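Which chain is which? They are A, B, C, D and E, in the order written, and residues in each are numbered from 1.
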Amino acid sequence: MTHLLKRYHPPGTAPGTLKAVSTNDATPLRIRLIDYSKDEINTLNGIDAAACAPYLGNDNITWVHVEGHPSEAVMLELGKLFKLHPLALEDVLNSGQRPKIEPFDDQLFVVMSMPMIANEQVKVHQVSFFLSEKFLISFCEGDSPVFNEVIKRLRNDGSRLRSRGSDFLLYSLLDVVIDHGFPALENLGLQLEAIEEQVLTAPDESSLETIHTVKRELIMLRHMLWPQREVINKLLRDDHALIHDDTLIYLCDCYDHSIHVLELLELYRDMTSSILEIYLSSISNRMNEVMKVLTIIATIFIPLTFIVGVYGMNFDTTASAWNMPELNWAYGYVAIWSVMLVIVILMVIFFRRRKWF
Amino acid sequence: MTHLLKRYHPPGTAPGTLKAVSTNDATPLRIRLIDYSKDEINTLNGIDAAACAPYLGNDNITWVHVEGHPSEAVMLELGKLFKLHPLALEDVLNSGQRPKIEPFDDQLFVVMSMPMIANEQVKVHQVSFFLSEKFLISFCEGDSPVFNEVIKRLRNDGSRLRSRGSDFLLYSLLDVVIDHGFPALENLGLQLEAIEEQVLTAPDESSLETIHTVKRELIMLRHMLWPQREVINKLLRDDHALIHDDTLIYLCDCYDHSIHVLELLELYRDMTSSILEIYLSSISNRMNEVMKVLTIIATIFIPLTFIVGVYGMNFDTTASAWNMPELNWAYGYVAIWSVMLVIVILMVIFFRRRKWF
Amino acid sequence: MTHLLKRYHPPGTAPGTLKAVSTNDATPLRIRLIDYSKDEINTLNGIDAAACAPYLGNDNITWVHVEGHPSEAVMLELGKLFKLHPLALEDVLNSGQRPKIEPFDDQLFVVMSMPMIANEQVKVHQVSFFLSEKFLISFCEGDSPVFNEVIKRLRNDGSRLRSRGSDFLLYSLLDVVIDHGFPALENLGLQLEAIEEQVLTAPDESSLETIHTVKRELIMLRHMLWPQREVINKLLRDDHALIHDDTLIYLCDCYDHSIHVLELLELYRDMTSSILEIYLSSISNRMNEVMKVLTIIATIFIPLTFIVGVYGMNFDTTASAWNMPELNWAYGYVAIWSVMLVIVILMVIFFRRRKWF
Amino acid sequence: MTHLLKRYHPPGTAPGTLKAVSTNDATPLRIRLIDYSKDEINTLNGIDAAACAPYLGNDNITWVHVEGHPSEAVMLELGKLFKLHPLALEDVLNSGQRPKIEPFDDQLFVVMSMPMIANEQVKVHQVSFFLSEKFLISFCEGDSPVFNEVIKRLRNDGSRLRSRGSDFLLYSLLDVVIDHGFPALENLGLQLEAIEEQVLTAPDESSLETIHTVKRELIMLRHMLWPQREVINKLLRDDHALIHDDTLIYLCDCYDHSIHVLELLELYRDMTSSILEIYLSSISNRMNEVMKVLTIIATIFIPLTFIVGVYGMNFDTTASAWNMPELNWAYGYVAIWSVMLVIVILMVIFFRRRKWF
Amino acid sequence: MTHLLKRYHPPGTAPGTLKAVSTNDATPLRIRLIDYSKDEINTLNGIDAAACAPYLGNDNITWVHVEGHPSEAVMLELGKLFKLHPLALEDVLNSGQRPKIEPFDDQLFVVMSMPMIANEQVKVHQVSFFLSEKFLISFCEGDSPVFNEVIKRLRNDGSRLRSRGSDFLLYSLLDVVIDHGFPALENLGLQLEAIEEQVLTAPDESSLETIHTVKRELIMLRHMLWPQREVINKLLRDDHALIHDDTLIYLCDCYDHSIHVLELLELYRDMTSSILEIYLSSISNRMNEVMKVLTIIATIFIPLTFIVGVYGMNFDTTASAWNMPELNWAYGYVAIWSVMLVIVILMVIFFRRRKWF
């Protein structure tokens, strides 16, 4: 659970302090620059921060995409180059932030959480954006090429992306981030369906653990995605100069998707609770059944065992006519069996009446 | 649970991409056009999209109703003809959207969810509308003729529908969509009543599964119908030029119905929880009863069996006067029965005191 | 539960369609007209709708009260006479509406739910009002003379009611409707107190059913009375021309009562949950007690029965000195009893330590 | 639970009807009048209502405090003298009102609930205030001298109270009313701590009842104190002419206290739920332990008892060599004991593995 | 739980009454004064209140930090010197206040709660601030040097702190207070992870108590930290003259952290509930397993014991051919063993079918 905590400096550290996270994951840092206008497009791969400088002055839109965990030096370089606010730089480095949007002068800083499925498990990566009129810088933890589809569309000469501003590029990337919620939910939905099936037919102890795992992932996802909705809403509502009017209708669509994801999460949580209830009930039903078998066996045989015990007593039948004369009767044994048979039949009738079997 | 997910394109797909859903359900596509004014009405059945063109220019109101899953081509054709926004077209094709309302220039795009009962099960179909001053296009999944009543009223020469604008037609169709919630709820209400009856008289394991099924359908319905209320509310509140003032009072009625449906859903959920509680309690009550029978039988017979066991021991009574002299007494056997009778009576008194039977 | 559904027409029926409910309850329809001013008062009982016409033109305030289920014809007649909106007329006929308030031109249409106690059960009747400057029409299901107190006060020459307008009459009737919540709650409160008493002293299976019944009635009442609060609030907040300023302070009092009723309902629900919790705990406590008795009896006698079983074995004591020589000892029987006594004492100490008795 | 209902007249009673509550509690009515200005102070004890008249005209501030249940006559007299609204008078008599604030012309009517501890139980008294520019009338059920501290401060010549208006007096009394929540909460907090201690060390059946009692008092207190917060908030927010600006900062402090009380109530409810959970779990843990002892005893001795039963059978060993030859072996008895010992050892190993003891 | 109550005076005490808390904790009171401007800095340690006077007149910013529980005399001295409001002084002394912000003329009074970890337990200290244009007074319970990091940064000549106003100093201290939430949460998160691990592998009774302890601390922390968010929000929203615009962006960051802490608390509570559910389920699963072992043993041996009991009866086989002739058969004993073997096999098959083992 502690991994949900954002990375934090010890209380009292000066605001805007940059300290690179110990990257024990060996994801190499990759910076990619795409400089485009309606008519031309330039792509640079694997460059270092300083290489972005020449593209700053021109009229094209410049998209710098940083993949992996950047070092302090890279952040400082980018910060100086693009005049990024130190508090925002700190938030990019201390990943695990809750999604938020913050305007800094003529820039917009956006932090989002992107759910990714890896080995059947949902992981959440922090994605950060700096939007300005003429450039967009995006940071993405992890190494999966999540924005490749957008790059492909960008390379397509006649595409809508090329003829619009940096805000439409931001929308396209936010759309990718939010739409990653659907496969994550699909994955959880399939797991839930499997558990439901199992709980209704053959519940066992492992079900409980699976339900807990799914519930945990739902709680975690909800925690990460809930503020996302608010971010898009703020983009729509607040009248940012950077977001043009004709992009709003697209952001609306994006907002709709983010609500759809959250409502499904809520629905899945309700379902998980309902499945847990059934699981618990069927466990208690089975206990009931076990108890009934025990009770039926015991209730039938305990009296019979008593009866045969009686005739195992060693009273001296010769001492008097009162001492177990039955033992010497010609049909004593037959009589005892008859008595026991009657008892069994009465018991069975009693159980039938109570609908025990 | 995954069927609640809207159909989605892989993250990164360009907005407005149309891709027809693989229609493995063989519902044939049916387009119907009704062109009417106060004085005349023309109906065309089973036409193709292009056939709508001639009716666009005139002064009448044109209603195009598309039943079943339309293909990409049909959508593109309709889109071009009526100038529909590509994002909206995409939403019609990717069914499973949450109900919403979106204004596009001089058009209004509305998505609704219509609950339908088929084979005692509740299914939810997406219904979409494009409203303009002079036309209304409606899309409805499935093949049931849900709007036939409206068509009948439309054919009636003196009807209010004929003398009003396209907004009143939209209201009439929305009213149909929302009122379909009542039979769906009635169906669930009847099921709940049956379960309640069963749980109070003779709860068994099948009850649990039925409760779960109803609960699931209630959760699902609530998820689909909740945003519906908001859609109608937006129609009422936002001052759309397309919605005339004299239609508002009718939409108010419609809004009232949608709230009524949601409140009943909430009420039914409370009821379902309460029924589940009773079910669990009566299961545990029956377990209690089973335990009591077992305990009474065992508590009475275990001591008796011990006693008869004592006199089944083979101590040599001739070895000394201390070795089970009772066995040779004249009234030993009678005495032992008396002792056991006293024990049974004491036990019964003990149980009575504790109110065990 | 289905009786909570409002009566509804099949989806697609034209708005404002009047269809009388099949009145299998033989409550005869009674129309009563009271025409009053500060100085004079006229009462007509059991008239038909048309008889109201002469009183429409004059300067007095005319109150028409309709008791029971009116027929279509009566509604149409009243509708034509008083110019009532067809949608409102439909709502009066299709009883089971949720409480609401709707302004129609210069009229105000109000629907309320009145809880009534009949045979210890709470029933909810729909009461509807049409308010205009000079008349008030009220409809009330059922045949109990709920407004008689108001009529009595109206006949009293110097009363405040006579000197005020139709809005004060409406307030007086709304006050009656809302105050009917108090006896209904008192009834439920007494039931709850009885159950609490029973659950704390001698819980049995019938408790469960009673708790469920009360819970069900609380859920139902809340569902019916919740929107009531909103209706009064709207009357207070919206600046209706028909509601004069000096009536507002009285409506405020009315609003206060409606909130008081709802808060008590909420409180009673919390109490019901708490009582259910105790019930379930005491059931499980009793199960525990039953189990303990069983365990104590079994744990004491099972080892003893084993011991006496040992000496019931038929090994040939003459075969060797190893074969159960105890059987032939002079004090064997006494020794065995001593061993068993020691075992019982140890057991009792063990149970005491664990605080089992 | 019915005592939480406010006293109500039968539905239909005219608003403002005064009917004295049957005071079977013999608290005598005591009216006390304090007339003060910065320089002088007069106190009258045990006067009747009419005696207040002479103090109405002067420039001083007049505080009339009524302790106990006033009769109709007293209320009417006071109402006429101070021009109090009949609806407000009715609310003072029908105690059990929810806390509220209502402006009547140039007066302010405030109803509050004051929790009092008597015999370790929390009771709630209604306290009502009429505030005007020059007088304050307060009504308090019960006979404890709750406002004595304020009176003492008032008698102190240099005190802030004396130099301020009637609104500061109202604040001081409201502060007393709200601060009575703290000892009530402290009392409940101590009870909760005692139960928690008991539940964690030695839970028994009485714990359940105590938890329920505390829970009940928390629910009740919350019901009574919740609207209190809103009353103070309204005093702060609404710009009443009677409340001077320099009193607002004090009311702010008062508001803060009322929120503190409510948050603690909420916290205590959460704690109570948590304690109930532990109680239920430890009950079920103890059941588990009982079951284990039973199972261990039974599982060990049932097979042994079977074995000794086998050798208690009376087959004729002389009939053939197949008929229980063991009985005549020299070491048969020893062998049987060895077998049984091995079984016991295996059982113990089995239980150890399952961590049953 | 009573320690969560703020220290309160008996109801009726005059507002602003100062009464020092009985400091049975021997934390000595320490006052520290730091007087700084961009160019110079003076530090005084362990001074008394009067020593602050000379620094009041100058143009520098003066920070007075009071550690430990101040006496009445100290508070009065400081109050007179810095013109602090008596209500605020009272709140500093009566620690346990809920976090709040209150403007007094040209000062701002802020109360916060700072969670501290001591001996693995979370404690909450009250921290209070008085902000004015030229000075800041801070009070902190406890003796840990929480603000040392800020003092260090302040001593650094070129630091941002030195060149900004008193509002930036307040922000820096608030940031320290709020960031103390992260280590507290980390501590609870690690405990939760440990319990989860334990509950999933080897749940025992101690788990329950640990879950309760964590839950209790979460409830308590939430109670203390919830109003914190509101305090920072008010600082941001209300346009206080003392808070300069360029400090707002830093307070925004602070607000974000306070929300992050609360959301994690909420998440941890959900997790705790989920872990408790698993714990309860696995307890009931183990009970089920115990029951099954008992039932299997009993069900197999009870019938067998009955059978061997039958052949232990002492009927006189010579009395008639009907009296247990089996006893004298040559293969009677073998036959009986065969019958018992068949019974055991049938039982095992029966249990296998029911999936009991």
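By our rule, a contact is a pair of C-beta atoms (placed from the backbone, for glycine too) under 8 Å apart; a residue touches a chain by one contact, two chains touch by 3 or more.
The structure presented is a predicted model; accordingly, all values stated were derived computationally and were not measured.
A rotation of 145° superposes the C-alpha trace of subunit A on that of subunit D, rounded to the nearest 5. Under half of the residue numbers at the subunit A-subunit E interface are used by both copies of the sequence.
Taking each chain's centre as the mean of its C-alpha atoms, subunit C lies 25 Å from subunit D. Separation between the centroids of subunit B and subunit D, computed from CA atoms only, is 40 Å.
Within subunit B, the positions touching two or more other chains are listed as 284, 287, 291, 294, 298, 302, 305, 309, 312-314, 324. One full turn of the ring, starting with subunit B and passing subunit C second, gives B, C, D, E, A. Those residues of subunit D whose C-beta lies close enough to touch subunit C in the complex are 1-2, 4-6, 8-15, 85, 87, 97-98, 100, 102, 104, 202, 205, 208-209, 212, 215-216, 219-220, 223, 226, 276, 279-280, 283-284, 286-287, 289-291, 293-294, 297-298, 301-302, 304-305, 308-309, 311-314, 317, 324, 326-334, 336. By the touch criterion stated above, subunit D contacts subunit E in their complex at residues 146-150, 153, 159-161, 172, 175-176, 179-180, 182-183, 185-186, 189-190, 192-193, 196, 200, 249-250, 252-253, 256, 259-260, 263-264, 266-268, 270-271, 274, 277-278, 281-282, 284-285, 287-288, 291-292, 294-295, 298-299, 302-303, 305-306, 309-310, 312-316, 319-320, 322-324, 354-356.
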